[in-house]
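Quick one: the structure is below, and I'll ask about it shortly.
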Amino acid sequence: MAKEVRLWEGNHLVAEAAILAGCRFFAGYPITPSSEIAEYMAVRLPQVGGTFIQMEDEIASMGAIIGASLAGVKSMTATSGPGFSLKQENLGYACMAEIPVVVVDVMRGGPSTGLPTHPSQMDVMQARWGTHGDHWIIALAPAFIHEIFWATVRAFNLSEKLRIPVILLLDEILAHMHEGFRLPDSSEIEIVDRAKPTVPPDRYFPYDESQGDVPPLAAFFSGYRFNITGLNHDKSGFPTTNPEIIQRDMERQRRKIERHLDEILWWDEHELEGAELAVIAYGSIGRSAHAAVDRARALGIRAGLFRPITLWPFPEKRVAALAEQVRTILVPEMNMGQLVLEVERVAAGRCDVVPLGKVGGIPIDPPEILEAIKARV
Amino acid sequence: MAFDYEKYLRMERMPHMWCPGCGIGIVVKAMLRAIEKMGWSQDDVAVVSGIGCTSRTPGYLDFNTLHTTHGRALAFATGLKLARPDKHVIVISGDGDAAAIGGNHFLHACRRNIDITLIVVNNYIYGMTGGQASPTTPFGMRASTAPYGAVDPAMDICQVAIAAGATYVARGTVAQGLLLERYILNGLKHKGFSVIEAMSDCPVQYGRRNRMSSAVEMIQWIRDHGVPVTRAKELPPEELEGKFVTGELHVAERPEYTEEYRRLIEKAQKAAEGAHG
Amino acid sequence: MKHYELRFGGVGGQGVILAGAILAEAAVIYDGLYAVQSPTYTAQVRGGATKVDVIISDRPVIYPRATEIDFFLALAQRSYDVFHHQLKDGGIVLVDETLVTRVDEDRYRVLRVPITDLAEREIGRVVVVNAISLGLTVGITGVVSRRAIEQAVAARAPKGTVDMNLKALNLGFEQAARLGFPVEERTEEAV
Amino acid sequence: MAETRVQEGKAAGAVEQPSPGKSLPRIEVIADFCKGCEICVVMCPRNVLEMRADPSRWVGSVVAVVRPEACTRCMLCEVHCPDFAIKVF
Amino acid sequence: MAFDYEKYLRMERMPHMWCPGCGIGIVVKAMLRAIEKMGWSQDDVAVVSGIGCTSRTPGYLDFNTLHTTHGRALAFATGLKLARPDKHVIVISGDGDAAAIGGNHFLHACRRNIDITLIVVNNYIYGMTGGQASPTTPFGMRASTAPYGAVDPAMDICQVAIAAGATYVARGTVAQGLLLERYILNGLKHKGFSVIEAMSDCPVQYGRRNRMSSAVEMIQWIRDHGVPVTRAKELPPEELEGKFVTGELHVAERPEYTEEYRRLIEKAQKAAEGAHG
Amino acid sequence: MAKEVRLWEGNHLVAEAAILAGCRFFAGYPITPSSEIAEYMAVRLPQVGGTFIQMEDEIASMGAIIGASLAGVKSMTATSGPGFSLKQENLGYACMAEIPVVVVDVMRGGPSTGLPTHPSQMDVMQARWGTHGDHWIIALAPAFIHEIFWATVRAFNLSEKLRIPVILLLDEILAHMHEGFRLPDSSEIEIVDRAKPTVPPDRYFPYDESQGDVPPLAAFFSGYRFNITGLNHDKSGFPTTNPEIIQRDMERQRRKIERHLDEILWWDEHELEGAELAVIAYGSIGRSAHAAVDRARALGIRAGLFRPITLWPFPEKRVAALAEQVRTILVPEMNMGQLVLEVERVAAGRCDVVPLGKVGGIPIDPPEILEAIKARV
Amino acid sequence: MAETRVQEGKAAGAVEQPSPGKSLPRIEVIADFCKGCEICVVMCPRNVLEMRADPSRWVGSVVAVVRPEACTRCMLCEVHCPDFAIKVF
Amino acid sequence: MKHYELRFGGVGGQGVILAGAILAEAAVIYDGLYAVQSPTYTAQVRGGATKVDVIISDRPVIYPRATEIDFFLALAQRSYDVFHHQLKDGGIVLVDETLVTRVDEDRYRVLRVPITDLAEREIGRVVVVNAISLGLTVGITGVVSRRAIEQAVAARAPKGTVDMNLKALNLGFEQAARLGFPVEERTEEAV
């Protein structure tokens, strides 16, 4: 039965989308501006037979969702900057142990307590590098209400498919804005569940490369008894210090990303054809840039927009090609320059890369971006 | 008759890595005997730990085993238990793991009274990292980070557990493996959060620094410093100075968390249906 | 193309953010338009200046914050001071005249209504300030249909307060008429 | 070595005399697991066990069963061996 | 005669941001009167907090003031105190700050018995973030994250403090500001870690959700649910159900941490000299 | 009195250097392979009248050193990966509040518990981006025993001078190796103390731009009563949400780094003259690369070494110039490629940048680097 | 309104009669600080205070001193005003 | 140029890492050479294979790990197996013959001494294995002077054990001589 259009708060839609994607466990600790996700889950999860728990802190929340996921239940947590910092250690555990989980970080002004009720895009680099040690992670930054929905579903699907934590990065504007959206029917939603082992228990190994880059993950209590550890491990999940095994294991983890780029990478392009200047922007500033590009085009300026939704892994190839095409890439972000560093790296000198960072809790609006575009063409 | 530990051991990983005479093995054996008495299928049991010598336990056991991050075992275990309230979750932690970095999760697991059994192997020290002081290192005793003797008073893990709301709290020792088994068994039977503290020896990192270089000496010390709770009640406080009380220290009935949550789900679903109908 | 940017400004606790959501709901759910409601909190607790932008359009809304505001409802001086800057020259500023006294008359078209007083006097409850404001807003701007705002208000009103809120909404429309904005015919089947 | 004996009291109900009807106790030592800690030796109330030097092992010694006939099957050695190295049948 | 609060307030930052009727102000006033009675110079006092409504206190006070991260005030305060053991460090925390995320630092500050005074404003809720449940939200009461009523039992902060080793533990209420002042004063005088829990009202985030929408109603509720410790001792447990005990719950003498550390320094220096000489 | 040469363990020398640099407070939580720093401090600090405390966890340790530093006492903590993750939130607080502290991270294999007793260089990006929100930080990675000493002293000096947290990055090899070193006399060590206010208390503001990019920091209890918060604040240290004030404040913080690059940047060059290939390596792998370059030169290969000791801020200008000079930059690291990303960014396509990452707990030895050099010339 | 009174008992030793030798109490309200919470009103054992509506304030009301002559200087109003808005001299 | 790479391998608890430090101290403090001692732990607790590299040179040591080992002392088979690979062809392997039995005779020059037995038999304490090993190492390689190693051992020996350790060291030198390596003259003022 087709559902009606409703006005959705970004945070609430994340929660509802998670439930539709199969999420049945949420552990969290309140923090502005993400708390509405927890509050919505507190109401809704028990209605669908799931479990919401408010833990004693963010560290515990992150631990709890890994535990629940290991029992085969799709799990999520949500937080903002300070809480995201606290989750980093256990987030790294999920990377190492390859446990599917979804972590929402609603970005607010930072560092530290910063500007709790104001938007920022300051956790973009942390999302990639926040935990210690080499690790791979996926981070999605939707911009429109429907993207918030589909990015949440995709976060779960990628996480399940690749046995990897997926970060959903919102900013406070998107989290708190309300926008009209019709919830799709469950038949319209493709849901991916992690692969289950096909071998009998005595031949099951949770990190068995011979089963592919993403070996199946059995659920605890399902008759497959195995070991999970945050130490480097061999294919059976037991600790090892063997350098070759470890190197291979890490390479396999990297391959999980590299070989699935087609499914992971997601972006939007707007007016890039014939563009001499490309704006690269994401999240709510992606919308601002979209508006600015429209205005620029209206003025006859050949500007276009590349709006990555997948921030990590970064869409390197496409951006490299873009750098080849345009003379300038402008990168407005609500921070002092973060993703622009990655753009610079990928552009590799092929064009000018111009940061347009701004902090203080107010967005970069279309006129400001338009000004910057004009100054560069 | 010899107990069939092999049933529960991952024999291909044996012998274990613990030092000669280390008490952890004694605690693990008591735990395995208790599990056997519960008659649980190995598929239905998860053993969860943090980081430390004690926390290496899961790797040797043939259950669903989870070796988490330092101090966080109870957090992971809480998620596991809530996801499958019908299964059995046992956490085994060192004193540092449970009472230092893990103190907060310990407090709140007690408060929630979630049906998990926590076994704390208290060897007074950080064994794995080389003998640093733990919150249970007794006042004045030496550790690599307490070269002049500890100036922090030791924490009484059981007292904190009781105050925070755990509903089964017992303290045993590795000098009395059979009693320890009984406490663990009662903890496993208990519906609610149960804490069994096992006073244990670390001859290498604790004993060596405190003039008890052999396991036997340390176990003797432990035997001599435990006072059964029944006797402790009769003794004046001075005589308990420097000793620890053993036995079942606290048994209470309180609503268990996963059961309460099941009720909440029913309530929520009824309310939601009501809203639809 | 219809594209209208509104801003409601007040202080924490007054409920302007909810009012913005109701207006957006009227547009999206009942009038089939596109809308974004986008709030700003300047303090975490009571008493801080807050605002909400509502952008209503017949096409998808790209940028979710107002940049060229057509209509600004200010229920607190502090809020006016902080948030009026993005108003278009000649845009409409509607203020609660007892709460907002200093307004830039030269730049904006200023409308004054004693909204809070009216709420107390006519309805007897300060909480209906928002419903009155919505009536005024829609009456003045016509940004959504009267029927849509009535349905939206009714749907959001707490149990037992629907009539009171619709009454207040109507009062808003009346005030708009008093200020010279035409009254759309009343829809009776609203509830 | 009497003073180093660590015994679990009768409270645990475990110390028994060998029952004449049953066969003699068999005490099995898994030498590969034994780390020579001596705990079983001091736990045994019947002096059944002893340590034996064995320089070929990094731990230097291993337990030996020297008076099996005295064993009461009280299980204290087995219960307290941290290394799963001794079994009493 | 009116107390000269202005002496201690940063008047340019007043009025404060707390909601009408919020009890935090009552606690702060009791604290200021107690400080005045101690006769301390403002330069010698530091007031440290975490994050939350309560934790906004330092910003209004004319001392050395430190607004840290959520739950970590005691950790920062411990460094501050150890760096200057001759000065006075007061920590003020909300229930979430102290007992949820800050639970571990709370446990260990108690254990160390460091000469810091901790005032916990327990309003049963996370005020600042919008009314989520806290570890002290009573069973069955509502919060934005407990829409069906809390299923977690509430923590008794004072009992945990006592079990963990705090040497002065008292509970007052905002319904009795003068008693509260006395407890804080005794806490400040006390050498060692002192904990004063102040039961307080949050009409906006807690009251509103639990049928007490005015501050007056909540304060009344608080008054009606507190049982003085002397009376509590005589009451059967049933009658204490749902109530809290007020008064000086625990006063003890134990070595204080910074003094022990001073002794350690002397010992270390003597040993080092010995080694040289 | 000139001291004797002694054999110093890297970790111990960090601790002793800290004491000579004026450190009188250490709070820590044990973790391999950093624990010897704490253990040494536990012995030594009381001897010099300082304080060592073992806290309940890494979060508390980080909080405690900020507290102590605020009382005017130079403070340090030391940890490894998992603990470094846990310190991130409060590390960000030190950035925001601009409190001088030194944080040692002895890198081991990661992510998660990883390889606790084996070396890695996997926390390099985390050192820059580990906490949420925009922030600036200094990270030093010494390679030789004397550098360990001087980098520690410099860490304190930079931290005091710039009111910024400084990270000292060692790897397990450097932490546990013993090497001969003669402790300098205190007269040979330049010690920088944070600027004290010169204005009277009523005119003192802890973030007063008019006092320079690094406004003086009064000590608590020194008669200057002020407020410190992790919220964005105005010059007086009180919370503000004013966007202009915040933007200016963040820009000043960035300037603290930019205007002091001369003092902050520190690197070693070896055989770069005429080099066609440059190796960029740091920490113990910097030593390996040095040996490899020597062997390459002996074979007539025109290879050279650029060995940054300051990793953050990255010596951009020098590396850009190098990229202009050489055909290839080779970046061996004990990770799957971290600093190489920054090299790529800065090289901006001017030359080939080749990663040589390796994980598994064993170092990249000179023959391996030599092979890679040979393969590229 | 009697049932909403919240009083601090004599235990705190604070409730006194006005002493004849002293001047009459002066009760000062800092209206800018008063948030109209009514706590002082219910705390006062002598009904000295009352709330007064004031729609010009976002909180809607402010306290007023209506029977200053009855005041005993017990300080309960001052002690319990969370907003530093009332002072008794 | 003098550049000598040594490796001592054993299992946790045997103290080879300390032995490496003492050798490096002999070089640095008493012989004025450059040296790096660089340990490797493969397990956090007892019983795991450990090794320590000592590089001694008359110039500053660049790379702190051994890559072309001249001399390898192996006190455990496991340690030999894991750590012998970087030994030069023809390099010297000295093993405790009771603990290490399988050695690659074709590649290395293998020397066998029953070090642990000697420690027990001649000195009566297993702990002196390290001192004997140091005597052997220096006796065989001459990498530091006898006087230097004596001073280093004496300085590191726990109180009351100096004589025992020096005796063990001497035993090591004697064993080296027995294997055909010349004995440097005894320095009497060592302690």
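Going by the order they are written in, the chains are A, B, C, D, E, F, G and H; count residues from 1 in each one.
What we mean here is this: contacts are C-beta pairs under 8 Å (C-beta built on N, C-alpha and C of every residue); 3 or more make two chains touch, one makes a residue touch a chain.
On a predicted model such as this, the values are computed, not experimentally measured, just so you know.
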_Steps in the shortest chain-to-chain touch route ending at subunit H and beginning at subunit A_ = 2
*Can you pull out the chain pair that has more C-beta pairs in contact than any other?*
A-F
_Farthest chain (mean CA position) relative to subunit A_ = D
*Per the centroid of Cα atoms for each chain, what is the distance between subunit A and subunit F, given in Å?*
29
*Indicate the whole-number Å distance between the mean C-alpha point of subunit F and the mean C-alpha point of subunit H.*
35
*Distance from the CA centroid of subunit C to that of subunit F, rounded to the nearest Å?*
54
_Distance from the mean Cα position of subunit E to that of subunit D, given in whole angstrom_ = 55
*Mind pulling the subunit E residues that touch 2 or more other chains?*
18-20, 51, 67, 69, 100-101, 103-104, 107-108, 129, 135, 148, 152, 261, 264, 267-268, 271
*Would you please write down the residue numbers of subunit G that are in contact with two or more other chains?*
none
*Could you list the positions in subunit F whose residues touch two or more of the other chains?*
32, 43, 46, 56-57, 59, 82, 89, 93, 112-113, 116-118, 229-231, 241
_subunit B-touching residues of subunit D, taken from the complex the two chains share_ = 4, 6, 8-9, 11-14, 28, 32-33, 35-39, 42, 59, 73, 75-76, 78-84, 87-89
*How about subunit E: which of its residues touch subunit A in the complex?*
51, 67, 69-71, 100-101, 103, 126, 129-130, 132-133, 135, 144-148, 152
*Once bound in the complex, which stretches of subunit A touch subunit B?*
25, 27, 43, 46-47, 49, 51, 53, 55-57, 59-73, 75, 89-90, 93, 220-223, 225-231, 238-239
*Would you mind writing out the residues of subunit A in touch with subunit E in their complex?*
29-32, 35, 38-39, 42-43, 46, 52, 54, 56-58, 82, 112-113
*asked:* Considering only the defined contacts, which subunit A positions touch subunit F in the complex?
replied: 59, 81-82, 84-86, 88-89, 92-93, 95-97, 105, 107, 109-118, 120, 122-123, 125-126, 128-135, 229-232, 241-247, 250, 254, 335-336, 338, 341-342, 344-345, 347-350, 358-362
